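Below you'll find the structure, written out as structure tokens, and then a few comments.
Letters A, B and C mark the chains in the order given here, with residues in each chain numbered from 1 onward.
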């Protein structure tokens, strides 16, 4: 079996561009879903019933439907409903952000609920108001505890952007598909892209672990 | 309370510390239930100004629950708790105002792990009293000096021993300049070596005239430092009086049982 | 915008078949990936450096790759390297198994590690071998902690089966997308696809919640 990596070498710029799109989409999605997810998570824990119920329904719905389905629905169905058509990149950004935000919301909830009730009692005993307690005692500790999970959010986001290939977002996965199709050298192409993804994803998780070890004591009550 | 106790109480009541002043806290037939379980069953006690009151008794006898009802962390189901002559408010805003005038120290210290020792002590004045940051920190530093931990001001709780954490916790409560200090088993979670340093701080506080309510199992401390001892069992007050009476001549059977069980030989 | 929802009813049996295949893929994958995960976890925890490192690399590899890429890669690479032609279904199944085994390996490893070291020491002090201690003391306790995570993995897996549609495996996503292409009823089919997944996925998510509550470990 002979391997021919020349199509990759010829198209390295094209592939690199794809990587750039992957990273851009990932970073924007991660940022958006962190913000939206935190809002949803806080609303879920501290909000009144009329807010909590829809949020829970939303989160559970995102847990029930695959990313692929949401991506495809956003790109093909929303234009029919609203008359606006989106560039694949923006469709993917919206779909992924909405989906991953649900996951972030659950992380936020778990983080907040993991804070010892004794901490709240101590803050109450000092005379703090509920808002002050959430802002100054619960959330700072919860943020530290949630750090490893937030790290995995970024990892999951990068992996999910690869699915955006099915709606022709020109990210790494899609471009790999294109080159593989044109060059009839799928083994070389996909193996190389595998290595690229691994190199992006693997150090990230190690880095988060390292960072977490440093600050973990700030979240331990 | 049986008539024996009534007699004892009345006899030493006038000699009791702070007896000539209005009491700081009054429990008037307080009842507290957790579902079916009666945690506090008709407790009537008063805490005088400048007095160190120790609450002793078996685990689950209601002592800690009573303390938590005192600063409205929990609500009572029957009777009243009066602070400075006024019943405890039921709404959150006014309850907060009352809590600012009391200091509480917890068995598990409950220092805020994401703040240094200095910031832990300063957070009350800073956040609740709205004092300026420089002033709050200066006050915090003075209090850390008072408990002997000025050199640990920059340390985080994870870098402090249990005894040191508890002393910071005491400083944190004192930063609010409370009228009464509530201690909920302050040394139960400590190693034997560090218990002493915490009890010493509490003893000095008592000598300075702070009104203190201490739930404790440290009988030697109660014997030496308390002005008044209240013995609990199954949610009721079994006996109360000066430490001399409780530890040397207890009148109630239950008190004798409890102390004998602890191996207390006077 | 004229919608024709009857298209969904017309193709109900195709969709049902697709849904059935989705379920089948999920079940088969879990049946393989749970024992595989256990083996990988035990390899990782074993004294042998070779086994431990091999397991580590396998797990880290498959946990740090997009599943859709693994599906494509399996489709193109396996026939060449193994000289066997697999059906798309089998290929997809293998890709899913590789992926989920890696996650399960971590789940089992974390579960076993969460049992206090003292338990192992106590068992050995009584005279058990390490293997006996594992079997009789550690693993029975670790199950409680592992079950909720497995439930979550199941829910994720159920959704991930949609990815094998890209190599034309006839599960729900593929079937729905095919009907969309042939009928041009885009909104109807895509919505129907989403709704069917929701109807199947929502109860499973709630079941997973129940498992979490039931087996919650309170230290």
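Keep in mind that, in the parts below, a contact is a pair of C-beta atoms (placed from the backbone, for glycine too) under 8 Å apart; a residue touches a chain by one contact, two chains touch by 3 or more.
Bear in mind that the values here come from a model prediction, so they are computed numbers and not experimental data.
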Graph class of chain-chain contacts, one of line, ring, star, complete, other: line
Per Cα centroids, the chain farthest from chain C: B
Per-chain Cα centre nearest the global Cα centre, belonging to chain: A
Chain A-chain B separation of Cα centroids, rounded to whole Å: 48
Distance between the centres, which are taken as Cα means, of chain C and chain A, whole angstrom: 19
Rounded Å distance between chain B and chain C, as computed from the means of their C-alpha atoms: 54
Sequence positions of chain B contacting 2 or more other chains: none
Where chain A touches two or more other chains, by residue: none
Of all residues in chain A, those that touch chain C in their complex: 1, 60-61, 63-70, 72-73, 76-77, 80-81, 155, 158-163, 165-166, 173, 176-177, 180, 186-187, 190-191, 193-194, 197-198, 201-202, 205
For the chain B and chain A complex, residues of the former touching the latter: 68, 71, 73, 92, 96-97, 99-100, 102-104, 106, 108, 110-114, 123-124, 127-128, 156-158, 169, 172-173, 176, 182
Residues of chain A that touch chain B when the two form their complex: 116, 118-119, 121-130, 132, 136-137, 140-141, 144, 217-221
Chain C residues within the chain A interface of the complex: 1, 60-61, 64-70, 72-73, 76-77, 80, 155, 159-163, 165-166, 173, 177, 180, 186-187, 190-191, 193-194, 197-198, 200-202, 204-206
